[in-house]
Amino acid sequence: MMIDVLYFAWVRERIGLPRERLTTDAATVADLVAELIQREDRYAAAFADVTALRVAVDQVLTGFDTPLAGAREVAFFPPMTGG
Amino acid sequence: MMIDVLYFAWVRERIGLPRERLTTDAATVADLVAELIQREDRYAAAFADVTALRVAVDQVLTGFDTPLAGAREVAFFPPMTGG
Amino acid sequence: MRIVVEDAAFDAGAEVNAFAAAQRDMGAIVTFQGVVRGDGGLARMEIEHYPGMTERALTAIATEARDRWNLGDVLVIHRHGRLTPGEVIMMVATAAPHRADAFAAADYLMDYLKSRAPFWKKEYGADGAAENATWVAAKDADEAALTRWQGASNE
Amino acid sequence: MRIVVEDAAFDAGAEVNAFAAAQRDMGAIVTFQGVVRGDGGLARMEIEHYPGMTERALTAIATEARDRWNLGDVLVIHRHGRLTPGEVIMMVATAAPHRADAFAAADYLMDYLKSRAPFWKKEYGADGAAENATWVAAKDADEAALTRWQGASNE
């Protein structure tokens, strides 16, 4: 399937781009992360500690065990610091 | 001693004036109230239930047992409803 | 710290902006505005106050708030005299480095101002008749609210 | 309910006045403004957001507040992009018949907005150098604050 993957804040800086469109067969967010880590060192660096990251699927905050079936957009970012 | 006595809200309306200067030998606020009640029915009506009243001596909220020695101003009013 | 008791209407937004502009390194500004409600058939209210003691009581309450929380500044404005539904009766503003202090202090100011500042409201109905006007009774809930702030000197 | 995410500066006082003027029979209006602090040598900050999700998250938080308290209206404005010390980052406003609801809802909105709305702050020091800029870390205290609102659906 085709999926848009977005990166924000220092995740974006480490990976070096704000978004990309990927073809993946990953069943869950965690599977997608495992795939990305295999790709290049910069992904491995960004995802070295997933407990420091948050994920949103189709713009809803969720967990790393979330299935990706039907998802169009996955975003990775550090804990939010608004306000 | 001479003392200014002030009335606010429905206490003022029942007594029919906002302030008056009195000569009194009352030792405490409660003594002053007892004197006032003796004067006229309108005072007796205003002070019929002192638990419904609040008192300030020299512009500081206090209790009915407060001594009046040295006081210049005593005010009687219902519980406050600001804000 | 600024305490204002006046009969004239004031521009709450302009007051908020002036208050905020005067701060340095205060990350949090909280305001409360009290507005005259027109439900229940209220046509207007008259707010009586005790000149001298009112300013003094508000100053004491604001000073206590500054002692209890880490605040940069406090503003209290309260009107007296005639007000109609939709008019702003009063406002408080607090500035603090951190939001918890600004929120707690504004909440505290309102609780004390309701029950410890000498203001009395008289409500007039649609007929405007003085003989039908009624003094607002103090609420037990307002008195009970004060117990929230007793005990700990800082929370 | 109005949710605004924008890079332009806004006039908080004018927003407060417009918000208040739109209400009917709301006796209580509470506002919070967050201001960029310059202590610690901050020269400017850049706020990144997630277009689409940010508005969606703020709308969800504001809707939850309206479900939990008796509110007439909610306003949230949050800036993104470049901000310097003294600038207003964001504001919330709540209108309610009674002050306890307006205070609690504003406090709740701030707690959730801090930890659940997709914004990220990067701070630049006096040298303005990108390589010395740092992402603000989330505070444990902000996450802990959310537990205040769990359990009871209304307080």
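For clarity, chains are labelled A, B, C and D in written order, and residue numbers in each chain start from 1.
In this section, a contact is a pair of C-beta atoms (placed from the backbone, for glycine too) under 8 Å apart; a residue touches a chain by one contact, two chains touch by 3 or more.
Values in this document were obtained by computation on a predicted structure and should not be read as measured data.
Asks: Please remove subunit D from consideration and report which sets of chains remain connected through touching.
Replies: Leaving out subunit D in thought, the network of contacts falls apart into A | B, C.
Asks: I need the common contact partners of subunit A and subunit D, sorted by label.
Replies: A chain counts here if it touches both subunit A and subunit D, and no chain qualifies.
Asks: Roughly how many whole angstrom separate the Cα centroids of subunit B and subunit D?
Replies: 49
Asks: Could you work out how far the Cα centre of subunit A sits from that of subunit B, in whole Å?
Replies: 73
Asks: Based only on mean CA positions, could you tell me how far subunit C sits from subunit D in angstrom?
Replies: Centre-to-centre distance between subunit C and subunit D: 23 Å.
Asks: If you look at subunit B, which of its residues touch at least two other chains?
Replies: Residue numbers touching two or more other chains: 83.
Asks: If you look at subunit D, which of its residues touch at least two other chains?
Replies: 34, 99, 110
Asks: Can you name every chain pair that touches?
Replies: All chain pairs meeting the touch criterion are A-D, B-C, C-D.
Asks: Any idea which subunit D residues touch subunit C in the complex?
Replies: Residues in contact with subunit C: 11-17, 20, 23-39, 85-86, 88, 97, 99, 102-103, 106-107, 110.
Asks: For subunit D, which residues count as touching subunit A in their complex?
Replies: 34, 47-48, 50, 52-53, 56-57, 78, 89-90, 110, 113-122, 135-138, 143
Asks: What residues of subunit B sit close enough to touch subunit C in their complex?
Replies: Per the touch definition, subunit B meets subunit C at residues 6, 8-10, 12, 56, 59-61, 75, 77-83.
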